[in-house]
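Two complexes follow with chain A in common, the first pairing it with chain B and the second with chain C.
Moving on, here comes the complex of A and B:
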């Protein structure tokens, strides 16, 4: 491939625009708002690797996110590691959790995996609540470091970090979508028995995708303590995180890698607008209602609607 | 220190709690165990039942158990309606595994958020003459707030068991779980049977909710702790077997009560997950698998 693909060009443009944004814009609100949207985007992309590509539902996204955040808190407190290492550690631990839960339940019917993730969230929350080293039920305060590279503030640096992580996650998801592995996952989603008969190593592929999903969600969670400076089990294990991770890909469209990106940008920006202009409680309700409406009326999401429109035109 | 009376009290409290868990799980034993519909919103319906009991009890002072029984037909209609939507949007097109799951997840979330929006996150409770009373047999305490739910739950379980085993509709429900096509050949519409059964399952949530709020104060997010419990019981009980479900509920109740007494109440929610994972890993067909 001598030609540079449009994807990498747009990725470079997005990163350059992000850098320029930190130089030009002064109002810190924009950085926090976009940080939250990007956080949702990474979670949605991660969820989609298992949910959209493989067809297995993870309800415990909030648990992976929270374990990522708490890994960062614990290692920051114990060893004072720099943020990039904390992110790597969170990815490793959450990837292992994904692998473990997957290994125990993915050999059975898909619903058991879904239920197990839901129950896992409760258990991990119980565990963190009882772990006094990271604050237990009272929560933990994090001091943000004074240094923030060449950026004007710490939140600008976090914003840029999140942008890089988001671009990397989308690139991984895109790569998976078109790779040999991705085709194996699609075969599992469409008909697991047929895939198994055709020689697709289904269990191994499913475990690979749960591990990647868990690791990516841990990555999304690791910078969170530095972003909010105070984390308690209730806020980290918030059901809202899990609902967003499902709603964004479902609304955008699950079969294609661009679906969760569209869904996350759309739902995420809408949430920020509603939160500021109307109320944050109503905002939560809107996502739930949108999720139910979309899966009932447009199960293929926005990408599906667009594809249908184009196919009709051709015919 | 493990003393005999502490142990005896923990076991008796666990039995009472387990009986109540049977009321929580019985609707799911029908909906998930028999119909194979993964209704993860079931605990949310139980919370809705608890709030129904709270509203009518605080306004008119009606007994919570009576409210549960009176609200059951309304819940039945709601359940039948929800099954219609579920069937039309997902089951008919074969999308129940992904979209159907997300549908119930969204439904659970909506119920919880609406309750929070209307009633806030404060704990709500009901008033009744027997709450706070207790019997004492030897050194074993039998508080009425646990005993009443136990008795009602056992009656409910026995009623559903007899209904499924003895009546025509009940047997049709069991038949639709076993062989849909055969039922169709007998001239019965499987969709209507499933709709009826789904309604029945949701109706039990009205009663379970009333029992839940008798046991202790309730706030909207409590429901999530019952998802793991209810599914653990149904899976351990062997999917859809009512008697197996009842024994599994008692086992979970006793184990939780022992953990509660000897390790502390904050660990109790983790028990159900442990039971669920162990069952899935070692014996996925449950204790009394069919």
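Moving on, here comes the complex of A and C:
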């Protein structure tokens, strides 16, 4: 292919804009706010691979985020690895756990699968709570390293790192969406028996899906301890974080890769705006209200609405 | 007689205490047209589910082209060349009609398909079935008859050696039934063996070279269509004493 796709042009523009942003903007608030939005975005994209593309709606995915965070804490304490290696390790470990959990739970369908993943999240949380090496229930403090490359502050560097990770996640999700693998996943979502009879190795594809989901969630979680500098099981396995990861793709639309991106940007920025301008409690309400509105009025999310409008105009 | 392509031996399937199939034997030769009939609940669909792998049989063996496939998962059987349509259509609803065919072409027939020409191959199948005009339409919006055709088209896109058509004509009008029969006959002319499950006797008699009859989980007759419907056991199964 000689032509560069618009996607990669926009990705480059986003990254360049991010770099420029770190040079121009002084107020550190913006970096932390956008970091949180990007974290939500990666989690939404990850959730969507299993929940949206493959159709296995679940409540437990966000536990992988916590496992990613704790992988980083443990390896930082044990070996003092640099952040990029911690991220890779978190991806590997969470991917493996995703594979294992997938193997155990994917025989279940619908509500039962959703409940099983919720139970898995509780098991993981109990495990971490009782693991004293990483602080147990007391939590763990992380010392932010002094070095932050050429950036003015550590949070600027984390912001840029998160931006890169987000772009990579979206690129993977997009690639998947338009690939043979992605079409196989869509077939599973639409009708698993028919997919299997059309030659789709459903179990293997579902395992691929849980593995990618787990790894991506782990990637979102690994820098988190360095961002907040104090992590305890309650904050890592936060219900609010978990609900966000589900709400964002649902609101954006789950069938298309752009859905969770739109949902995350919209919900994430709304939350930040409300948090600052109105109240830090009210922003929790925002997700709830938006989720209820979208599920009852536009179950296909924003992408679905746009597609419907577009099809109507074409007809 | 050409070679036996599919052989089912001593097949039994139980659901709890209920025996759905008992010691069923069935064979199919390459390129043959077999009609499978029987009253409701006689085990036709269960047999098909066992052959396609959607259900695993408790006893007995299934041999396809000389290889034992009894414990193979459905997707591997599809890759070997066993395709089926579903009695209640199961389209991939989020996809267009054309995209529905991509799935079997890219999975079941992957080793036999030309990877760069998947769309052309899918269009070719749609043309054969008569769905070409609807290629871009969402598969969830099709009419009943078109959905049945899509079932057949999707099975066909798997490039099967054996096609199992599970009541593809139930609820269709006379003209539509003829249309489906023509499609199946055309398909058979290309060398695909077809097992047709059907309640519409006119279609069964017109289509089948051989008819097998199931009743209460057992095969009670197997032979040429005329002698099968004259068989007193078959008449008793359908009409009672």
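Keep in mind that, in the parts below, the second predicted complex is superposed on the first by the 314 of 315 C-alpha atoms of A that agree within 3 Å, B and C clash if a C-alpha of one lies under 4 Å from a C-alpha of the other, contacts with A are read in each partner's own complex, and residues count from 1 in each chain.
Note that a contact is a pair of C-beta atoms (placed from the backbone, for glycine too) under 8 Å apart; a residue touches a chain by one contact, two chains touch by 3 or more.
It should be emphasised that the depicted structure is a prediction, and the values quoted were computed from it without experimental measurement.
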{"item": "Which superposed partner A:255 touches (first chain B, second chain C, both, neither)", "value": "second"}
{"item": "First, second, both or neither for A:288, with chain B first and chain C second", "value": "first"}
{"item": "Touched partner set for A:190, first chain B, second chain C, both or neither", "value": "second"}
{"item": "Touching partner for A:58 - first (chain B), second (chain C), both, neither", "value": "neither"}
{"item": "Contacts of A:200 with chain B and chain C, given as first, second, both or neither", "value": "second"}
{"item": "Of chain C and chain B, partner touching more chain A residues", "value": "B"}
{"item": "Contact footprint of chain C on chain A as seen in their complex", "value": "180, 183-184, 186-187, 189-191, 193-203, 255"}
{"item": "Contact footprint of chain A on chain C as seen in their complex", "value": "52-54, 73-76, 78-79, 83-84, 86, 90-95, 99, 102-104, 106-110, 154, 158"}
{"item": "Complex contacts: residues of chain A adjacent to chain B", "value": "51, 55, 57, 59, 104-105, 108, 110-112, 114-116, 118-120, 122-123, 125-127, 129-130, 239, 243, 246-247, 250, 254, 281-282, 284-285, 287-289, 291-292, 295-297, 299"}
{"item": "Residue numbers on chain B that touch chain A, as the complex places them", "value": "38, 40, 85, 89-90, 93, 95, 97-99, 101-103, 105-107, 109-110, 112-114, 116-117, 221, 224-225, 227-228, 231-232, 235, 266-267, 269-270, 272-274, 276-277, 280-281, 284"}
